[in-house]
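The following pair of complexes shares a single chain, chain A, combined with chain B in the former and chain C in the latter.
== the complex of A and B ==
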């Protein structure tokens, strides 16, 4: 029995209770299976779980974007029902979505002002500007208010969303995987902002699948698995082992095999010679790149985002024209060849954007898998049955969690999407895999699966050019690492890697 | 030298209906839809406006009825595209032919009546010329200085995000389409009232509605841009009579302005790309 005082204290502390939230999506997937959670004033509550555990679904319910199939929400003891995100805003609940949804043609100021107007605050541009500048100064955020949104990077767009939630989330601020587009330094800065916000008495919900960040930021951590909360751990009691155990239920082995490369001149799978390429705005993005990849080798390209990695990726794939220089795949000069020609030579591609680049949104999973094979299909009629059977086999092999291969591919979680992409790319015989940030936004288990697949490709004799912003990933997988900085390549750095040297090359 | 003056004034009055219709279409496209029925709405406006002018001998009445007839026709687009999710391109094309057909039906009633010189001029300008400039300034203010304008632009940028954030997607869109129809109708009435002493004739629009749609792109969905593109195309058409005097056959002279508009379109698209200016993101894309 709780005595009265203790009870009163608890009620005062709690901003929101959610009770028995059940969410069933139209396609029959049960994303939340009876979730109950108390959210306290002035705390950072980490919501940890692998992709597809139901974190984002729960947050959509709390922020009014999604109506649960059943369950109740109470704010300060009063039962509420949200019909839209607008309703939740009125209670001071705001969310930074994982992928910012801003209006490209508006300026930052206009985009923010629009949200304020929706929340019922009518405010002049000048007052809004001074209000935002206040926030910028207080929390150390820098954005150009007059900049058009479409010119901003993903990280900058997220900052806009962050400012929006600070303006509107008087009670609860939800951040859905906010570090996806950030560098480690920026992430640390963000965590400091979260701490400031919680000290002001707001509740901060921090959704993540990164253990370290959850441990670093949170006062309490709620771990979700398969649509349920499987445990709530206080900061003092939390440890990496405990959290991993909660997240996955069993212990997992994270060893990755390492194979030495065959370094003979004739074993070069990819050779890039003095490559000059112009970026989207007509300035030089690549200034004389030289690099090569041998057989049985994973070669890493490290660098801070925006130093020419994207242009390199696009040029190697054949989407961007090289102004000068040569690209040689397996001894064939492909500099002027179309992407298809390069693929037929044995090039597989894992782009950064899963939807839109690698997968066709709205189309079924098996359709997307079949797309990887169309250029081998010489028959006039399409044998959909064959592709369907093949797709079923493949998704099983790669342990993709899905309802059916007929489901639209965008119904999958990020990790499962990536598995479908990797599986599809590896259906053909592959000599060179071109991968860009292949584990960005993936959870622990999916990350491991992707890294393992890349490593096993190497043991089978293929090579990988791995462009990544994740230095841990690069040092774990690569035989050699090049560094890109302002369109110039440095290195290669050889094993064992000297991290300080690499970091220095990245920043100078 | 006399020629130059007349070309300039002709260009000015040619531009006015183009600008009016283009400003209306700009609103529609800013809200994320494309209504290709401008030509049809102009045709109806020309006939209905002319009929009202002849019947009532009132300039204001003529323009009001012309505008309303265009707005009425645009309601069909609203019901089909916004209400019933019909394809916006096909619906727009149907509107063109429907409008031209209705124009014949109404216009025949004005036949035989001698046109009365209804339209007064104010020196080199007339009322509608001044109005079109004022309207452009007003729309600029609306789009860029008011939150409603920002909301409208946001809807045109990204419909799904707009819906998720709770913006008034349908309401603002319907209003834009109806206003667009009204302005196209007024533009049509101007053709009969200003150019032909209030008289309608078959085929009076002669592709002006299509040029207006081109002017929206040429002016890059911006009110002031549309003023410039409107005057530019207006001048091109005013130069038509000049061309035979420099040895271009009259048959070709008829086609040349249309061709030049196309060339201008290609050139400005290239320039805008170079300058890094982007059109509203959802224009010409069908989401649902």
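== the complex of A and C ==
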């Protein structure tokens, strides 16, 4: 029995507790199996777990976006029921979703104003502006309030979401995988913001699958596995080994034995010469890019989001016109060639976003496998049986977890989606893989699988142009690294990499 | 009962209540209205008439279903039906061509279909290569065709004392079986295209995830052009079915009572499926016939329209709520 004083203290400290939350999705998946959690005032509570462990589901329940099948939520000791995210907002609970959901056509200021209005707060444009500027100054966040949302990169959109959450989340702020689109330096900055927020007495829930970040930021870390909380560890007691053990249950081999860089052959798979490209608003996004990729190598492109990487990616694919310069793939000048021509030449792609960019939502897994392959084939008719067989092969080879290949692709977790996307390209004869942030948002195991696959592509003779915001990933995989900054290429930097030099190139 | 079931049931009940209320207020009364509606589904001759009227509607809907799946939101079917009808009328009544009846229908379908397809192609090319919104361009084309039809009717094609054209000769008139075979054939061909061909795969990708279509090198511009052709083709054929079966000639007043636009509604009622358009289109056609009967019972045209709208809305709400997840 707890004595009265201790109990009173605990109640005072606790903003929210959830008890026995069970969430069963309509497709029968049990995402939360009786989760109970206390959330304290002024703490950063890390929620750590693999993708599919139930973290996001739990946060959706806490932020009112999802009604649990059973279980109770108490705020400061009083039982509450959230019917929608708006209800939760009334209690000062706000969330930064993993993938920003903003109104594309609005300016940043308008978007934020609209969400305040939706939350029942009517304030004038001018007051809102000064309020936002106050927040920007206090936490060191920079956004152009007049910029249209659709112009912003994912990283910038996340900043907008963060500001919104600070405006709305008076008591509890939830950040769902907030560092996905950030550079290490930006992540560190975000963690500092989180610390400031918690010092003000708000509770910050920090969802992540990155051990280092969880350790760096959190006061307590709740580890989730298979829909349950398997342990809550205080900062003082936490260590990487302990957390890995909790996350994965059994011991897993976290040592990555990458294939060493192959000796380069002196012929180029890709050569980009003085490439000038205009961005979506008529300003130059790429200003005279020169780079090349040899056979058997992985070439990294480092840089902070929004420095022209997306335009480079789109131009190489043939989705954006080059104003000047040349793109040569395997000795063929493809600058003016259609995307299909380049693809048939052996160009493969792993886009930044999975659903919508790489996979067609609502369609089956085997349809999505076929999507990447049918245009290699001359026949007008589709032999679905063949693609079903291929899909089953992929599932087996890459250990994709699913019910059946007839299931819609959206039923897969992020990691399994990425496996399908990567595998689909590997089924073709591929000489150059164009990958953009291929492990963003993936858990430990899936990240490992994707990186190993890229490395094995190199060892079988293909090349990879890896555009990534994850410096660890780049230094682990690349033979050489270029840096993109404001539409200009710097480098290449050779192994062994000097991180300070690269970081400096990224920021100047 | 889950939410989807509850909602679909609710939409049915509220629709039926609405119908009862409107029917009660008509001059025919509750009983008269419903017995007339019932008549359409119990008398063979009325069911057959419905089949005739369904021709242009179903034909338009089949092509539109394909186009909407690709995210090509054209409303040009109205103009295409009209141009198709003009083409078939020219071929049968003005061209001086004398061939056997069994040859004329395929020939007329071919020419009318091509006319509709070319009209669709205009919107398709504008969208594919200049990014012109197809809804607007097709709407404007509809007006151009309407003006052109009026010019023909009042000018070069005018016969007799009234503003009307010659009629499709009796020899070339087609019957319900011809209509049925044509729409069945079209529906199954288009369903096959969607399900079993590269074009169908590309159409689905383009409609559901255009960015993925671009990223994975689907030749998007060509697909849009093909889709615009295929869409116009069936609507143009629908025009031939209309003029060669029940319409026969054109006057200043009845170039087309909007079968092409009805096709748009039917395509969505059928959840943009070609085979589904057969059922939805026939159902819609029975409502039109019921409407004519009700008007003959003294129910005003606008009330008839109201009744039809409530039935169609109920149907769409029912289908839509069944599809939403619980």
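By definition in this document, the second predicted complex is superposed on the first by the 444 of 508 C-alpha atoms of A that agree within 3 Å, B and C clash if a C-alpha of one lies under 4 Å from a C-alpha of the other, contacts with A are read in each partner's own complex, and residues count from 1 in each chain.
Assume a residue touches a chain if its C-beta (ideal position, glycine included) is under 8 Å from a C-beta of that chain, and two chains touch if they have at least 3 such contacts.
Everything numeric here is computed off the predicted structure, so don't read it as measured data.
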{"item": "First, second, both or neither for A:184, with chain B first and chain C second", "value": "neither"}
{"item": "Contacts of A:340 with chain B and chain C, given as first, second, both or neither", "value": "second"}
{"item": "Partner chain(s) touched by A:356 [first = chain B, second = chain C, both, neither]", "value": "second"}
{"item": "Chain A residues touched by each partner, larger count belonging to chain B or chain C", "value": "C"}
{"item": "Touched partner set for A:110, first chain B, second chain C, both or neither", "value": "first"}
{"item": "Chain A partner contacts - residues on chain B that touch it in the complex", "value": "147, 150-151, 153-154, 156-158, 160-162, 164-167, 274, 276, 278, 280-281"}
{"item": "Complex contacts: residues of chain A adjacent to chain C", "value": "26, 317-319, 338-340, 342-343, 349, 351, 355-363, 367, 370-372, 374-375, 377, 379-382, 384"}
{"item": "Chain B partner contacts - residues on chain A that touch it in the complex", "value": "65, 84-86, 101-106, 110-111, 113-115, 117-118, 122, 150-151, 281-282"}
{"item": "Residue ranges of chain C in contact with chain A within the complex", "value": "196-201, 204-205, 208-209, 211-212, 214-219, 325-326"}
